[in-house]
Amino acid sequence: MNGRPEMNTSVGGLRLRNPVIAASGTFGYGREYAPYFALERIGGLVTKGVSLRPRDGNKPPRVCETSAGMLNAIGLANVGVEAFVADKLPWLAGQDTPAAVNLYGESIDEFVQLAQRLDGLAGVAALELNVSCPNVKAGGMAFGTNPQAVAQVTAAVRRVTSLPLWVKLTPNVTDPVAVAGAAMEAGADALCLINTLLGMAIDARRRAPRLANVVGGLSGPAIKPVGLRMVWQVARALPGAPIIGLGGICCGEDAAEYLLAGASAVQVGTASFADPTACARVADELARFCAEEGVSAVSQLIGGLRA
Amino acid sequence: MNGRPEMNTSVGGLRLRNPVIAASGTFGYGREYAPYFALERIGGLVTKGVSLRPRDGNKPPRVCETSAGMLNAIGLANVGVEAFVADKLPWLAGQDTPAAVNLYGESIDEFVQLAQRLDGLAGVAALELNVSCPNVKAGGMAFGTNPQAVAQVTAAVRRVTSLPLWVKLTPNVTDPVAVAGAAMEAGADALCLINTLLGMAIDARRRAPRLANVVGGLSGPAIKPVGLRMVWQVARALPGAPIIGLGGICCGEDAAEYLLAGASAVQVGTASFADPTACARVADELARFCAEEGVSAVSQLIGGLRA
Amino acid sequence: MHGAAIVGQNRQLARDVFLLSLQAPELARAAAPGQFLMLRVTSGPEPLLARPFSIHAVEGDDVGVLYRVVGRGTRLLAQATAGQRLELWGPLGRGFDLALERPLLVAGGMGIAPLRFAAQRLTARGARPRLLCGLASATGLGGLVEAVDECLTAQSCAVSWVTEDGSLGERGLVTALLDRALEGVDGVLCCGPMAMLRAVAEACGRQGVACQVSLEAPMACGVGACLGCVIPAADGGYLRACQEGPVLPAAAVDWPRLA
Amino acid sequence: MHGAAIVGQNRQLARDVFLLSLQAPELARAAAPGQFLMLRVTSGPEPLLARPFSIHAVEGDDVGVLYRVVGRGTRLLAQATAGQRLELWGPLGRGFDLALERPLLVAGGMGIAPLRFAAQRLTARGARPRLLCGLASATGLGGLVEAVDECLTAQSCAVSWVTEDGSLGERGLVTALLDRALEGVDGVLCCGPMAMLRAVAEACGRQGVACQVSLEAPMACGVGACLGCVIPAADGGYLRACQEGPVLPAAAVDWPRLA
């Protein structure tokens, strides 16, 4: 192959320089990773989940390591939408990388208010609805396991914003296709698959859970097979639904696997913790993968699995 | 602490020498591992899933490794119940270790016929209903995700056997408690949690799935947090329901974690592949754990989590 | 046996080919050519599964393993140093039937691994084996070629090399030389890439020479329990590479389904 | 900075205590006492996360890390050999405020790790620090004691040892000696087990001496992104150990909630 592969892609109403996006909750508000690489090297980023009011989050300990993975129960700690708009967004607006804002509400009304508050603000490239957080009592996964609830919240937000609307789904369901279909019909521009698996870790000597919240969300390489399966399942069942795939992506080949399974873009989460340059490295490695495989445009990988 | 800890336990109608049982599909018909340790060192074993007729299983490749885990899509290959009774059971009957027979039917009627065929035969210590296999088209997980279907098959088998009846549940559901409750109400003596998570692996260079069956069951250390969470969830919601915990157990401390979460016994699956003596080693290590922690009887660990 | 073996040496023969020797007396005593062992490449949990390797040689208490670095596990194995302990179990599976007088051993690349041990035992029992050994290219594999030449010549087993690029011996594919090489042969033992095995099996079939092939399949347990390693059988159904194999009569294999 | 550092040496000081030196010029230039680095203990995926370690010393281009083997990651780290490359990033977090003339440094066990670097910089800027160092027992820790004595004495920082079993210095707990030791002190820098930090903070509070504590918390990212490492704050909410900490004024911490 001659020349560098064309890396741009388009997903859920956004054109991206390349398909690698930093995932929510693992990239802070973007600025935390700016010392480690130029954010223009990646396709985009998603902020930590933002709620109407500031949230302290759960009691510590909030994180623990597991085999090839980790559990977290942060509890959606965040500065609240007003402080986000005042303190975080101006910096993001100055970056040459689109930022999606991950939203967390405890009710449909809260999601709507958040979307209204952010609509039209400089620096907000897309909204990602987090209806899949396993670490909060209200909202979160409670919404995300119920297709009707997902449809309602998606439709309600759809009505108040013209921003690209991504809906982030939980893997902790019997039938991901039902939830995905509900979100698409209600007006989602893209589906993000997957959030964390509900898990738990125990310190046998202390006879205590390792997380103060007892249960938490499992992420990292351990869950990659589950993420790939869900992306493939949903991509087959809903042809044409734009998908952003994530779960355990650590290198360019992992990203290529998600694209082949049917994702139009990917997000890199936990890998940033093990290597603060992970997102940029994955983007570079994906380009190299394309070059090595004679793929002239990365978009040719999307859904290209021979199965 | 003085003396060796008391290791026996009782679960779902069976008294066991110790709480460590070899899991189905990862221990053959028992004999495959007899060269590696004396089977009396473990509490019991579960056979590979047995169906009415012999099954060839899925096309290869059937297994592949993932981060801290593996995928399998064996497709319940087995010799069929008649060959099992003729060729495998006599040997098992001669062992001083109780064997549960894992049953797989494509319909309630097939489960019933299997139970009837095995009822009263020497060497069959318990029946384990596999309503959770992700690798077969009919039955398996299709049953296991539906509380009504699980209740029906459990009740139907309950009517035709007086053997201890264990029901093995899938983690691929939104609400494991609903399925677990349905199985208990329908007459299960114990619940086995968890079977494999539905997953997938892709060879990006060949653009092909790594398993001929495309999707398969994820097992091994990677899934331990999910197994622990489900055992804890079900144990809290259904106090008194005997639980056999499994998923990723590799050492004695892993086993202790499952007991603390609420299991009365555990099964060791994939670990046997990485170490053919794993089941016996886990039993020994669990005894050592008890001794070190001043626990005079292993049963004191059950449900002992401080949460 | 199952337990720890001590690494004697782990010698690099070519860029990605290593010869590992393990002090494993029990295994050495019990091993037969064509059998394999399961080797854990770390003491940690990653990678999770053991790797299958053919038994390449047995010298006294030492077992030799010839391996190529192809992925994560073999990359880790290449870092093993003398004195280190590695968990393993074996010997496993069914090996070659060595009741032959004038056998031809056909190796493709790393397929030499089990055949060297077969040659050793064959000459020891008075047979006169010959080895036909094919490589894509000998370039960079000098150490491997030398090691094979040396030990098989010492066992008075004649070795012929064939390379696709002509860098050593005749130029071409092993299978092109086969019809001639099969003359006077009372059995073939073959190990190498799938396409080669199949071509050799067909050539033997045409000439009515019994052919045994050593097959590879992804394995989880190595002991017949997981049913992961199956090979399509000529009479329908499947055979376990780790139990009924890895060596099978070519006629027992359903070659079209194997593709 | 983020990148690879070369292991200079990895010296065992006691049964489970090691002193690692890393060639990391950029890090060495930027580091301030009390800051930490994130270190990957393998190049593989297991364990997944990097481990936080205090910066123990800076000598030219070399950064020293003093660590105790407590689990999987530190066990692997103990196997690192000279010349090996390890991924790391740092310096991270907020260190000690060193604007003091007569500070008392209080260490419990491995709490010496960040305090040695603090002593180095304090004496360099003309302050006269003293170190009060507590151990459960000095038995088996001779190498550590010697290393601490040697380098702090060289920096004319007086060291007093306290051991619970009396095996070195005074017998008892650090905190029992504290009221006396605080005389004439214009600030305390403290690192050690949580219970000790709290007791030292209380003693300082009683005597009106400003106290800075270096805190530990399980960390995932080390850079302020994951919100995993939080410490309950005196004015409600939480502070990130990796960002607002690891060194915090004792008064900023909500000690009851920390238990």
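Letters A, B, C and D name the chains as they come in the text, with residue numbers starting at 1 for each one.
By our rule, contacts are C-beta pairs under 8 Å (C-beta built on N, C-alpha and C of every residue); 3 or more make two chains touch, one makes a residue touch a chain.
Owing to the predicted nature of the structure, the values given are computational and were not obtained by experimental measurement.
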Chains touching both chain B and chain D, listed by label: A, C
Set of chains adjacent to chain A and to chain C: B, D
Centre-of-Cα separation between chain C and chain B, whole angstrom: 36
Euclidean distance of C-alpha centroids - chain C vs chain D, Å: 54
Gap in Å, rounded to a whole number, between the CA centres of chain B and chain A: 34
Residues of chain A engaged with two or more neighbouring chains: 67-69, 220-221
In chain C, residues with contacts to at least two other chains: 45-46
Of chain A, residues touching chain B in the complex: 66-69, 71, 145, 172-175, 197-202, 204-209, 214-215, 218, 220-226, 228-229, 232, 248, 253, 256-257, 260-261, 289, 293, 304-307
Complex contact set, residues of chain C against chain D: 44-46, 72
Residues on chain D engaged by chain A in the complex (per definition of touch): 2, 40, 45-50, 87, 89, 217-232, 236-238
Chain D partner contacts - residues on chain A that touch it in the complex: 25-28, 32-33, 35-36, 48, 56-57, 60-65, 67-70, 72, 74, 77, 220-221, 250, 270, 272-277
